[in-house]
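Two complexes follow with chain A in common, the first pairing it with chain B and the second with chain C.
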Partner chain A sequence: MFEAFWYALPILVQDIFVFLGLLVPLAITGIICLFGYRVWPLIAGLLRKHTAISATFVLLIATSVGISVGLIAQERGLREGTARAADKFDLIIAAPGSEITAMLAAVYLQPTALPLIDGATYARIESHELVDLAAPLAFGDSWEGVPVVGTTPPFVDHLSEGLRAGRVFETMEEAVAGANTPLQVGDVVEPVHGDGSDDFSEHGHPYTIVGKMNRTGSPWDNAILVAVESVWDVHAMPTGHGPDWDGTLGGPFDPSQFAGTPAVLVRAEQLWANYSLQSEFNTAETMALFPGNVLAQLHALMGDIRQVMSVLAVATQVLVAVAVLAGLSMLSRILARRMALLRALGAPRRFVFAVTWTFATVLICLGALLGIVFGVIATAVLSMVITALTDILVQARLAWPEMHLVAGFVSTVAVLSLYPAYRASRRSLLDDLRS
Partner chain B sequence: MPDLSIENLAINSASGRRLLDVPRLTVPSGGSLAVRGPSGAGKSTLLFAIAGLISVTAGQLKWGQTDLVGMADTARTTFRGATFGIIFQDHLLFEELSAENNAGLAALYAPRKRRAGIGQAARRILTDLKVPWDDRRNVVSFSGGERQRIAVARALATEPAVILADEPTASLDRKTADALIGDLLGGAKQAGRTLIAVSHDAALIDACDRVLTIEDGRVTDHV
Partner chain C sequence: MRLFIAALFSLIAFAAVANEQDHGHDDHDDHAGEAHADSEHKATLGDVTLLHAWAAETEGSVVFVYVEIDNEGDAPITLLGAEADIAGTVDLVGFQSKDGVASYAPLPMLPIASGAELTLAPNAVAFRMTDVTTHLHEGDDFEIHIIFDAGEVAIMAQVEPEGATQHRHAGHNH
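Up next, the complex of A and B:
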């Protein structure tokens, strides 16, 4: 009955309920503590009086909360970013081997040596009735660390959905640059073999940049795309076309002239067709994989790490909370004289308790709020850094899971603060009054 | 209104040293008593004992039927809040609060229906005592004499049955001190309020019904 009601609620409403639910212990403790008392003038006074100590506490809590929520948001952002980067890669066909290696190479352009798919196989893929787009992805060369990938003009259209500037390459001497490369239309680049690190060998084949792609949020933003024919050509291999080729780039290729490609991107308009293609090309000679699925497996694997991470995050918070409580006991010693005075004047024990608890809880709440601000900043900075380092567009934002963590933290520490408050209300009166 | 009666009161320090011996003392409800004696004699100690702020080593200390000696701490605090207005020797104000909030401090924890009354009384007494409280600044910036009067206002604001005052005129000039003595005693007479004041101030001592002299922890005049 309740479950049915709960699952019928929109996710946002559920999140808000969970958030509020986590704050219930705080609210109940607060109501019980403060009922019948006006503590705020004293609290405001104490905050003013002990600004430096209070600020230290708030900063300590804020930093810990900020780091925790920042990391959790970042991890989610990274997952979303890697998934988004794989969006355009419906189905990849490569020679049998590691799916993860193939995915890393084809989608994230990580340099790896993959075995090649031959002309006959490629022709079968290309001519398959369900295939709407097939494109070879021939990587291996680079220019100043920027990968150079040989492919076909339709793939450029598919990846970039129209160009930001210029046009798609039309000859073997032309190239299209990714959005994050420092290249402009008209620039000339001369790639080298491999990633340019070890056996540095120029091919002596310059390309003129004739177009620039839109931002895709993937490592392809930092790549140069050229005609696959030219990649074969500079490696002194057949160009994939027979002697009567008119120079039009792209397929269909002549199987006997096809030098091989490490990976083929395949796309079918229909979802079911993709599945059908995958099972058809998962054979002894080829491996067909959905990068999205491989990624999901990876993420599932990382899910365990994520759990470890959130346990660690909670553990850190608890440690900080313990430190905070130790600090609060110190604080209650600082407040002791004032609390003794209150008791000497006839204020009930519960009032002293309420003032101490409220003071602690105000610091914790301020710390948590500032921590969220810190988390937002940390998230933005980390996202920028990761995006710059990997070219995978990471747009991490704080979301409800982090808010839940913060709410749980605040409630827990607020309840734990009952102890130092209790201690403060039990202190010997005269010692404190006369000290 | 309770009378104070003390019988063979003895107070030791934590280390066991005898701080105070009072064989017998009674103060009738509405009466006034001045306590005098040299510095370090034990005057404040007596006042603290009378207020139930320190534990009594031996003897009896009763306010009417209420025996402060055998009382649990919580009950004593409640009794103190309900019965006494205490003026401490070193004022013990909340530096970070305004004069008004200091004088009306009890409103922070008093039952809701008494709050407004305490606040009004605090403001009225501050005005009577000529404390400039309107500008809401913290009492840190108030002069010694002004603080003393704020402490007095705090003690009077709850309209207690008993005022316990430790050197209430110490930081005041003659004229202000006389005005305060008039307020403390005149108000006491009017409201039937008991006043027990530690003082060196001859004017205050003379104005009280009775005087108790303490020297080196002993009562040296005979009642």
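Up next, the complex of A and C:
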């Protein structure tokens, strides 16, 4: 009954309920502690009197909360960023082997030597009635560390959805540059074989940049795209077309002149057609994979790591809170004389208890709020760094899971603060007055 | 203070244990000692073989069902959907990732080429049963009718532990 009701609620409402639910222990403890007392003027006075020490506690808690929520948000941002980078790669067909290796090579342009798909197989893919777009992805060369990939003009249109500048390559001497490359239309590049690190050999085939792609948020932003025919040509292989070829780049290719490609991007308009093609091309000769699917499996594996991270984040926060509470115990000794005076004036023990607990809880709540601000800043900085390092656009934002973590933290520590408050209320009145 | 720290560590330990218990224990090497008849794991419709239908234990009313389909015939066959007595509706769905967000979208059909194998699996194609009235526990089984353009076939689906990623006999050909 409750389950049905719960699942019928919009996810936002569920998140809000969980958030409020996690704050219930704080609210109940607060109501019980403060019932009948007006402690706020005293708390404000204490905060003013002990600004430096209060600020230190708040900063300590804020840093701990900020790092924890920042890391968790970053992990989610990275997951979404890697998935978004794979959005344009509906189906990849490669020679049988490791799906992860093929995905890393095709989507994230990690240099890998993959076996080649032959002309007959490519022709079967290209001519399949369900295929709307098939493009070879021939990687291996590079220019100053920037991967150079041989493909077809329709793939450039598919990836970039229109160009930021210029046009798509039309001859074997032209190239299109990714958004993050330092290249502009009119520049000339001369790629080398491999990544240029060890087997350095120039191909003696310069390309003129004729277009620049839009930002895709993927490592393809730092790549140069050229005609696959030119990649075959510079490696002294057939260009994929027969003797009657008029020079128009792209498919259909002549199977007998097809030099091979490590991967083929396949796109069908309909999702069902993509899955049908995947089942058809998962054979002894070819492997068909959805990068999104492989990533989801990887992310599921990482789910365990995520849970460990969450536990570690909570544990770190709680340990910082313990340190803060230990500090508060000391603070309560500093406050002891004032409290003793209050009690001498007739305030009951429970009032001292309420003041100490409220003081601790106010510091924790302020720290948690500031921690959220720190988390937002940490997330933005980390996202920029990761995007710059990987070319994968990471847009991490704090969301409900982080808010739940903070709410859980605040409630837990508020309940734990009862102990130092209790200790403060049990101090010897006479000793404290004499001190 | 000591008591306080001790209480805190027990709290952390409790959280860790609770977290551990959330994980399913995939037990794929449990084949020995079980004597299921082939018919429980396998069904055929003409030249189409269905093998190892399964679902993962869940407390929710939405259950995903997976199966291996092998079209050994000379003609393509089209998967259209499924029906199950324990569910209000059953949809054929496909996993998709858009703008970094994963979801399942209904598929109107799924042609399986001659000689092709289609494996319904988590994060790929699945039957999504909604309004499931029975709470499915590990070791339970239930009947699901799988509908093709060429006809309908019933197979028993096995309930695997929560969080399982494949049937416990995946890889066995029976």
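What we mean here is this: the second predicted complex is superposed on the first by the 435 of 435 C-alpha atoms of A that agree within 3 Å, B and C clash if a C-alpha of one lies under 4 Å from a C-alpha of the other, contacts with A are read in each partner's own complex, and residues count from 1 in each chain.
In this section, a contact is a pair of C-beta atoms (placed from the backbone, for glycine too) under 8 Å apart; a residue touches a chain by one contact, two chains touch by 3 or more.
Just so it is clear, the model here is predicted, and its values are computed rather than measured.
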- [ ] Check the residue A:Leu416 against both partner chains and state whether it touches chain B (first), chain C (second), both, or neither.
- [x] second
Task: Contacts of A:Ser279 with chain B and chain C, given as first, second, both or neither - done: second
Task: When both partners are placed on the shared chain, which of chain B and chain C touches more of chain A - done: C
Open item on the list: On the A-aligned overlay, A:Arg38 touches which partner chain: chain B = first, chain C = second, or both, or neither?
Closed with: first
TODO: State whether A:Pro10 touches chain B only (first), chain C only (second), both chains, or neither.
DONE: neither
- [ ] State whether A:Lys49 touches chain B only (first), chain C only (second), both chains, or neither.
- [x] first
Open item on the list: With both complexes overlaid on chain A, does A:Ala315 touch chain B (first), chain C (second), both or neither?
Closed with: second
Open item on the list: Let me test your reading of the model: by the given contact rule, A:Ala86 touches which partner, first (chain B), second (chain C), both or neither?
Closed with: second
Task: Residues of chain C that touch chain A when the two form their complex - done: 1, 3-5, 7-8, 11-12, 15-16, 19, 22-23, 59-61, 94-102, 105, 107-113, 115-119, 122-125, 165
- [ ] Using the touch definition up top, name the residues of chain A that touch chain B in the complex.
- [x] 36-39, 41-42, 45-46, 48-49, 338, 341-349, 351, 429-430, 433
Task: chain C contact footprint on chain A (complex, rising order) - done: 3-4, 7, 79-84, 86-87, 130, 271-272, 274-276, 279-280, 282-283, 290, 292-293, 295-297, 300, 304, 307-308, 311, 314-315, 318, 322, 325-326, 329, 412, 416, 419-420
Task: Residue ranges of chain B in contact with chain A within the complex - done: 48, 51, 53-54, 73-74, 77-78, 80-82, 84, 86, 88, 92, 94-97, 101, 105-109, 111-112, 115, 138, 154
